[in-house]
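I have placed the structure first, in the form of structure tokens, so that the comments after it can refer back to it.
Each chain gets a letter, A, B, C and D, in the order it is written, and its residues are counted from 1.
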Amino acid sequence: MPAELIRILIGLVAVAVSVGLIGLVMVWVERKVAGHIQRRPGPFEVGPNGLLQPLADALKLVGKQLFMPDKADPILFWLAPVLSFLPVLLLFLPLPVGDGLLALDINLGLLLILAFSGLAVLSLLLGGWASNNKYGLLGAARAVSQSVAYEIPLLLSVLAVSFVAGSLNLAEVVKGQGTWPWNWNIMTQPLAFLIYMVSALGETNRAPFDLPEAESELTAGFHTEYSGMGFGLFFLAEYANMVVVCSVATALFLGGWHGPVLPGPVWFVLKVSLLMLLMVFLRWTYPRVRFDQLLNINWKWLLPLAVLNLLATSFFVKLAQTW
Amino acid sequence: MDALLKGLAVNYLAACDFSKAGKSWQVILPAASLVKAAERLHAADYFIEDVCALDCEEGFVVTYHFAHFAIPGRVALRVVAPHDAPAVPSIAGIFHGAEWHERETRDFHGVVFEGNPNLIPLLMDPDMADCFPLRKEPKSRAKMRDVLEAGQVVHCDPAFDLMTPAAPPDASDAAQAPAGDKATA
Amino acid sequence: MTHTPLLEQVAGDFYTNNFAKNAQEGSLILNLGPQHPSTHGVLRVIVEMDGEYVLRAEPVLGYLHRMHEKMAEVKTAAQFIPNMGRVDYGHALGWNWAFVGAVEKLAGIEVPERAEYVRVITCELNRLASHLLWWGAYLLDLGAFTPIMYAFDDREKLLDILQIPTGSRLTYSYYRIGGVAEDLNEDCIARIREFIPWMRSRLPMYKDLVSDNIILRKRIEGVGVIEPEACRRFGATGPVIRGSGIAYDIRRSDPYSVYPKLDFEIPTSELMDARGRYDVRIAEFEQSLRIIEQCLDMMPEGEVLVKGAPKPSWKAPKGEAYFAVEGARGKIGVYLASDGGKTLYRTKLRAPGFCNLSLFAEVSRGTILADAVAILGSLDLIIPEIDR
Amino acid sequence: MNAIKQACKTVSDLWSLVVGLRVTGKYFLEPQRTVRYPWKALANTDTYKGHLELVGSPKDPFKPRCISCGMCALACPSNCLTVVKRKAPKPTPEEEKALAEAKANGEKPKDKTPKDPEKLIYDYSLCSLCGTCMENCPAGALRFSRNIYMAGYSRNDFLFDLVVKLRECDAGAPAQTAAHAAEKSEA
């Protein structure tokens, strides 16, 4: 099917461009918001209001010498940042930005996202392991146990929504919701939304769950030894992952492109930005949790709650069907 | 303090004015009874403040300062270690905090604390562990009695004459002349 | 678990090798520092780890050692005061006071009453600044970035106030033997009066943002329990020991200056953990403000430097003196011995952080790495003071 | 009962997180505290005490009050001051004659050497700004400048002659000097 192929190709290019752009904008937003929270202006020297600061930073990162520690594993060391960034591009393909505005319209879109987002942890492990650094190793070990743990409640909460919608196709899920907030899935699945957001923080290694790179304990965790673009790719992947989880949350819980007056894609971007802003706010407000607490939150709270939520949902879905 | 150290070999025990010299008791001990004295102070709920040494003519005066959480005042235990082989038993087993203070004193003066669990350089570079910055030139050393506060002597071992003032002719039996000792201050 | 070739020990330095001698089979030896974000300077801690658990830890000092005690041997008493501002950049005036107090004790110099009040006010302001610095830095250790900015916002006001009489912002050398260098002027007093209600209005915000936060509470509650007995054996003082339930404060137990005339409490906590130490320091904000408020009201007019105050060529009389003040981190003690010569015969600086840090090896045993960092921060370390 | 208590506690614990967000949210909207230095001036520079400078004499602001006694150099804890005294000027023939006359009369010759120093070398990189020199100056000839902008590319930039500095700085800002001098003379 050449039409489908062309669509994917165009989608890939669009995604690659927008991921880069989003990364730059997010860096600026994060620093600006952090600045204002801390009652300072944030970047404001480069460009109007510091808008060009991320660009300058990116140029600096690109210009830096690629440096690898002695006795590190060269192949794995350089593979890790690339591997962290590439799957992210795929994750964007099945995301419905507007009605019919998505690169890859498949029935298993949600599954694709969940499957490929699991790959990210592999790159963290590789990066931490291959850099022959004790902090890196500890960070990698933390990243693996954290990602593996948080994937489960994430999956279960997503599953609850797809039970209600009866589809794993994100576009279908969005279509099942309505224009106004009370028509969105968050009204029927508030607990799932909460669990999803907390797990998403854990999955993307965002504060207060940024244990793998906890700089006061592990200096920089898995990317201690990375500089220049190696670090840049990890950095970009983190922001891209954030966008993905927020987009999925928007599609699943917040009615996707639905909204009054404004066109669909605008609503979608608006909702995603709001969620991202929330994540930024969380980062600059809370202390970091401890590692055992992190796992306790997951295994003792999120997982049982997610399972209960799933059971209750399936019960009601079945009830609705038989009636 | 007198009662606390009963039965221990003590060379010199004097009560000092806390508001003037900043300590209420000064005890000069032979090295052998230091650990026992520390044990008793520990049993009497004293805590360790610091350990330091003074390079005097007679040797290194290793001073242990103790204070109490409830009783105002300060006790100074002192041991004189000879210059040629300065060695003092460690009290790190009783007051664990003394370990670091003793290591510091070893760095600065080269006094060896026998029994310290980890007597490696603390503040000085291990490469220059044999350079003791606070040791004085022999000619610039002062006599103990010139530097230390004599205080109100309660007990003085007759054989111990390092603290007795040089000037009065009846210095040899200082134990019977506690009032005269105050003059050195 | 065995060593893989990839992580084989490269020949370490003296301390690492000395530490590794007693290492268990298969454990990981990690050097936290001397350059590490949570060691507040150049402290180095060697830790032996089993996974995330700390089996053993040993602080290695001396990276900032400047041998102040030797410098005291080549300078006269009055010339040594600038050094005191550099021992502890957090609470420089505490050290100023400890040294000039010791010399005054040695020489029997009476300080004018106004100078005593000026000293108490500036010292307490400095203590507030020190606690604010600790608060911000501690939360940075625990992973919260924003509080340090709020703390520095307040601290900046304090530094501006202290800059008026002292002229500097961090390493003050303001006290003189027999008084202080300069009187507090009208502007300064007015600003202190303004600052007190401002600081009080900030404290609820600190509580809301941080102290009550569930994540922070879980991070520091039950972490790093220090028994009073351990405090005694290690000679810990200051908020560390008050966090363990012992109301020991030099301002009350060996009162100096005008503190006996002032009405303030000694906050303590029975918790004995990092939370206890945190609570004590937070409570000390209010007590310091109370002290400053009373001092401003009670301060008499008069000279701030005694007539005939010692000049640099002044020779200290024979004898010895030990003077201790309550610093932000605990008991700052200065021991002086003089043989009547040009310079002091021996100057010994007792740093509270030094004794507090010596507890770390014991307390951190068996904790997880994040807790070890939380404990290290709760001891409130200023490395220049520890290394001197 | 216990379970209810537990649940209430959990809710209040979680509520503390919301309270935290409210605080940061409030400050997010409030104006910033940063002074956009160097575009805006700082408010606290006038109480700063920077490097030493000489005080001009009341008559001639370019001539230091210093009497070259060397007390400052003696008092300085870090030996950062060096006073170079002026050499006696070569006497003119008339003066020489007068001198010989005076000697013949048994009078003590009057020292005509100007008291102000030839040079006062100051090493700012050693100075700890303690103020001991000022306190020990019998003539009140030293004070802290308010110069916070002292910067240099090498150590030698911080080694300067205060006498030269006095002239230079005064030449640069004559009005200010006059004000300073007036203020000082009043004092």
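Methods note: contacts are C-beta pairs under 8 Å (C-beta built on N, C-alpha and C of every residue); 3 or more make two chains touch, one makes a residue touch a chain.
Owing to the predicted nature of the structure, the values given are computational and were not obtained by experimental measurement.
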Legend entry - Joint neighbours of chain C and chain B, given as chain labels: none
Inset, instruction - Provide the C-alpha centroid distance between chain B and chain D, rounded to the nearest whole angstrom. - result: 45
Inset, instruction - Round to the nearest whole Å and give the separation of the Cα centres of chain A and chain B. - result: 65
Inset, instruction - Please compute the C-alpha centroid of chain C, do the same for chain D, then give the distance between them in whole Å. - result: 29
Inset, instruction - Would you pick out the residues of chain C that each touch at least 2 other chains? - result: 146, 150, 153, 209-210, 213, 215
Inset, instruction - Quick one: which residues in chain A touch 2 or more of the other chains? - result: 37-40, 284-286
Legend entry - Listing of all chain pairs that touch each other, if any do: A-C, A-D, B-C, C-D
Legend entry - Complex interface listing, chain C residues touching chain D: 75, 78-83, 85-86, 146, 150, 153, 160, 163-164, 167-169, 171, 173, 176, 181, 205, 208-210, 212-215, 217, 311-313
Inset, instruction - Using the touch rule from the top, collect the residues of chain D that touch chain A in their complex. - result: 17, 20-21, 23-25, 27-28, 30-34, 36
Legend entry - Complex interface listing, chain C residues touching chain A: 6-7, 28, 30, 36-38, 51-52, 139-146, 149-150, 153, 209-210, 213, 215-216, 218-219, 368-371, 373
Legend entry - Residue ranges of chain D in contact with chain C within the complex: 13-14, 16-17, 19-20, 22-24, 27, 33, 43-44, 47-49, 74-78, 128-132, 135-136, 144
Inset, instruction - Going by the contact rule at the top, pick out the chain B residues touching chain C in the complex. - result: 18, 20-23, 42, 45-50, 52, 54-55, 63, 65, 67, 69-70, 72-74, 76, 94-100, 108, 120-126, 133-134, 142, 146-149, 185
